[in-house]
Amino acid sequence: METASHTVESKTNYLNADYGIKSWLLTTDHKRIALLYLISITSFFFVGSFFAMLIRLELLTPAGDLVLSDTYNKLFTMHGIVMIFLFLIPSIPAVLGNFLVPMMVGAKDLAFPRLNLASWYIFITGAAFILYAILTGGVDTGWTFYTPFSTTFSNTNVVTAALGVFITGFSSIFTGLNIIVTVHRMRAPGLTWRRLPLFIWANYAASVIMVLGTPVLAITLVLVALERVFHIGIFDARLGGDPLLFQHLFWFYSHPAVYIMILPGMGVISEVIACFSRKRVFGYDFIAMSSIAIAVLGFLVWAHHMFVAGISTYAALIFSMLSFFVAIPSAVKVFNWTATLYKGSITFETPMLYTFAFIGLFTIGGLTGVFLASVGLDLHVTDTYFVVAHFHYVMVGGMVTAFMGGLHFWWPKITGKMYPEAFAKLSAVLVFVGFNLTFFPQFLLGYMGMPRRYHAYPPEFQVLNVLSTAGASILAVGFLMPMVYFMWSLQYGKDAGPNPYRAAGLEWMTSSPPPTFNFDETPVVTWEAYNYDEIDAPNKGVEIAG
Amino acid sequence: MWSNLPLFPARASSMAGHVDALYFALVAITAFFTILISALILFFAVRYRKERNPQATQIHGSTALELMWTGIPLGIVMIIFVWSSVIFFIQTRPPKGAMEVYAVGKQWMWKFQHTEGQREINQLHVPVGRDVRMIMTSQDVIHDFYVPAFRIKADVLPGRYTSTWFHATAAGRYHLFCAEYCGTQHSGMVGEVIAMEPADYDRWAAGGVDGSLASAGEKSFQQYGCSMCHRADAAGRGPNLIGVFGKPVLLDDGRTVSADESYVRESILNPGAKIASGFKNIMPTFEGQLSEEEVIGLVAYVKALGNGSANLPLPVSEPNSGVYPVAPKTEGSVVKSDKTATPPTNAAPAKPAAKP
Amino acid sequence: MPDSQTEVHNLKHHFADLDQQKATSTFGMWLFLVTEIMFFGGMFAAYLIYRLSYYNAWVAGSQTMEIQLGAINTAVLICSSLTMVMAVHSAKLGNRKLTAICLILTLVLGFAFLGVKAVEYHGHWVHHEVPGPNFHFEHEGNYDPRQVSIFFSLYFAMTGMHAFHMIIGAGLLTWLLIANARGRFSPEYNSPVEMVGLYWHFVDLIWIYLFPLLYLISHHHNG
């Protein structure tokens, strides 16, 4: 078969294989679907950020003077719903996962390409419901939809929003199902489980959670909608029901959901740190197993969101202990990544900067989770800004940072172009500084006693709130810059070539952008993952081309 | 500016020091590991940067290291678990003899009732140096009773009583926040806890009151006709309530439950849910007729009947001992469902539980 | 051995061979059924939790179920699973006509189930057993009527969701009938029939659990 290592433009790739809106909207190519998702989730990220901006502006002053109370309640609700369900949950699995999983296992596509396209349409349908709910008055229940407020007292578009989340849940389930089946059934010859990149292990574990957990959220939201419409009483104490049952059912999904969000990010970190240290990841087996452990343990800790909700003392103690256990596999990963740097040959491209940021910020975020698992301490800090800071550290400092790192790492593969490195590094620094300034003060605010979801607050909390808002403005700039330079790179960026970073992995052994069917020939794998010793061997001047 | 930068709230309760100690220990552990990891990353990044180390050394791993950095964190978190559990046990076990204050949360205010009779809205006077147990319910949605200075927090639920306790150690005025999102004025559902020296508190509690909470409950007991069936002799259609509170109760299906505040409340608002052994399901429900405050008054009254500090309106017979109730002699054997019994009244499903 | 004609028409481009394609779609369907277990599982969990606390109400609600109709439906569904298996078997044998007959029988039995269900739902409506403003429950027993309302809410939610899945199954069967009429299936390629069969058996199995849990609580045969 012909292997073209000269200019990419002359070769057909998945981007120029077909033109026209129909070829995109009816595609079954996992790479095009990944781009459809990328455009969608980026748009929703900015919608969610808009709400965040208004929240932070309101919180500049102790009085609730920028927006009405009801408006503020809608702002934080919609910020949560949009960011979690329309951005964080799909992000890495549906963008990077969709694009890379088939390539990393040496396949031509995911197991069920049409289901993959259906997933995107389901996602857009659910998003449409949510956007409709927002545009026709909003929702003010909090993204957590606690009953009986959501079922009986709220006067906003609860059912529409709940239905929207319900529908996007199926998108998540089908994406997870596709990934699991692909990894099991479509690996290239010679690609054993222990030769898989850790990105695959991470997305596999996340997909198991998606598949097992999301249906429970789905049925819970159906019951909420039924209760709201028909007053059936299942969650309303006045009708004989139990509000705590809602919380148990809700958190049974929503806790594992956070591991859906972070595990794929951890997968990115493994790939990037190996590439820019030029060595295999330290403790491969342990990182792989810890991904599975997080997925399993993640299902056993949900009631740590309910320590003050009225559960029994003994239940609280059990969930507290399990919550401490679930922290350990993540710690193991952090230590292994750090050890990977030892005796590496390290360079500082933008993806590596994001990786360093991730490890530091995730350590803080994860350890503050230990504060919350400590049930005696949780009684003071739960439902305060301490929790808000904790989850933003792991979600934004962890997940979004990893997503940015991954986007930069695989941008050349996806588009065939390099982004401008100097601007990229600058925006990474701005994100890091802005992020810490925004969210670190919130730990202090939380311990001081500032509750969550407060529109107005006592004056002694103002200084820290002002610092937080200032940080948010820097963070905003840091996130806007990539929008600009990524778009710029599509037109003016340097041609990337098949493997600009000389990275290991099957995806780098084909052209950038890849051809529609990924590989000219199905690869036969005879090497371990992260074979940087072979790639960097002194006499191996040959390019890895596709 | 730095002297005004707040790091933790006032320490005004017996728990505050314990919680803060655990917090600072965790801050130290977090700082230690964050600095350790960051320093290692920076050190490795500099020492092994490409210019200084052009050839990477491939290392698969080290089982010894894995065991170490799994085992040590596991050990640390287990120590933290035990420590925080000890604190939690104290937080969830109010000492005996604590004075009781009832709270009703509603959108968007707090209503407090002292057993001495004082009623307050959004302000709670408590004595320093005494254990105080809060017994709380909500009239509508879930709220949360949070006093940062005391380091306590507990959700306040509709249809149930929840409780928390504290022991104030310093006089002063402290923030009270609702910490469970409850709608429009959630951030306005704030108040003050005013801790007073015991002498000042006693003076405050004695002033301008119409009678104790239990006596208000006794009035309700008469007003709503409870005394017609719940008599002090064995002829009542309902169980004799003297000496009942706090003791186990045998139900008609064989279960035994404890007669706590929640049981009394449920018996008033939802009597069909648990039928005392030997009695029929004939008690009407008072749902929709009583406010939460009136229910609390009745609970306080039944509590007073339980510990002997109040009497039923009729001649008192021997208090029941052990498991109650005693089957009235005229009724014959205990039956599970008596087909000749009056059918239970049906409460309309969607009626609100209590008047606002 | 699959002929090249079958492969050309049925082998998707991203699979190496029909075997890999079949193994993949089988795995995918089983995994999907696991998600369905979790989906129904939420309602089963709610049912179980409330049954422990509200047992008397659960007994009272269950006594109003028409056991004969429920039993008929159980028999109908079990028979439909039999006809479904026969459809899969016929497809594997390449017998188009028999496959069609078995699929039609399965479809008819499925509609029979839905028809009986409609009769039952109507009965509940007439007896004021549908939660909402029309709900009014007066029967013997020591229970709280609001708790009985919750029983019926779960009854309608669980059987309603089940019926919805049956309607989807009917749609899938119709699609199979059309594909079968067009000669899509052969001994080499019949996995869609088998996959729909798996789905149909699963929906049947959910009913096998629903029937005793909803209809037979504290049921004693009298005389």
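Remarks
Note that the chains take the letters A, B and C in the order they are written out, and that residue 1 is the start of every chain.
The rule is simple: a contact is a pair of C-beta atoms (placed from the backbone, for glycine too) under 8 Å apart; a residue touches a chain by one contact, two chains touch by 3 or more.
Since the structure is predicted, the reported quantities are computational estimates derived from the model, not experimental observations.
Once CA atoms are averaged chain by chain and compared with the all-protein CA average, the nearest chain turns out to be A.
When you average the Cα atoms of each chain and compare centres, the chain farthest from chain B turns out to be C.
Taking each chain's centre as the mean of its C-alpha atoms, chain A lies 35 Å from chain C. Distance between chain B and chain C, defined via averaged C-alpha coordinates, is recorded as 44 Å.
In chain A, the positions touching at least two other chains are 231, 233, 239-240. For chain C, the set of residues that touch two or more other chains comprises 54, 131, 144, 146-147, 149. Residue positions 270, 349-350 of chain B are each in touch with at least two other chains.
The part of chain B that touches chain C in the complex is made up of residues 252-253, 270, 272-273, 275, 281, 336-337, 339, 343-344, 346-347, 349-350.
Per the touch definition, chain C reaches chain B in the complex via residues 54-56, 131, 133, 135-138, 140-147, 149. On the chain A side of its complex with chain B, the touching residues are 64, 69-70, 73, 140, 142, 146, 148-149, 152-154, 231, 233, 236-240, 243-244, 277-280, 282-286, 308-310, 313, 316-317, 320-321, 324-325, 327-328, 331-332, 334-336, 338-339, 341-348, 356, 359-360, 363-364, 367-368, 370-371, 373-380, 382-384, 444, 447-449, 451-458, 460-461, 463-464, 532-533, 536.
Per the touch definition, chain C reaches chain A in the complex via residues 12-16, 20, 23-25, 27-28, 31-32, 34-36, 38-43, 45-46, 49-50, 54, 131-132, 144, 146-147, 149-150, 153-154, 157, 161. By the touch criterion stated above, chain A contacts chain C in their complex at residues 102, 107-113, 173, 177, 180-181, 184-186, 211-216, 218-220, 222-223, 226, 230-234, 239-242, 245, 249, 252, 517, 522.
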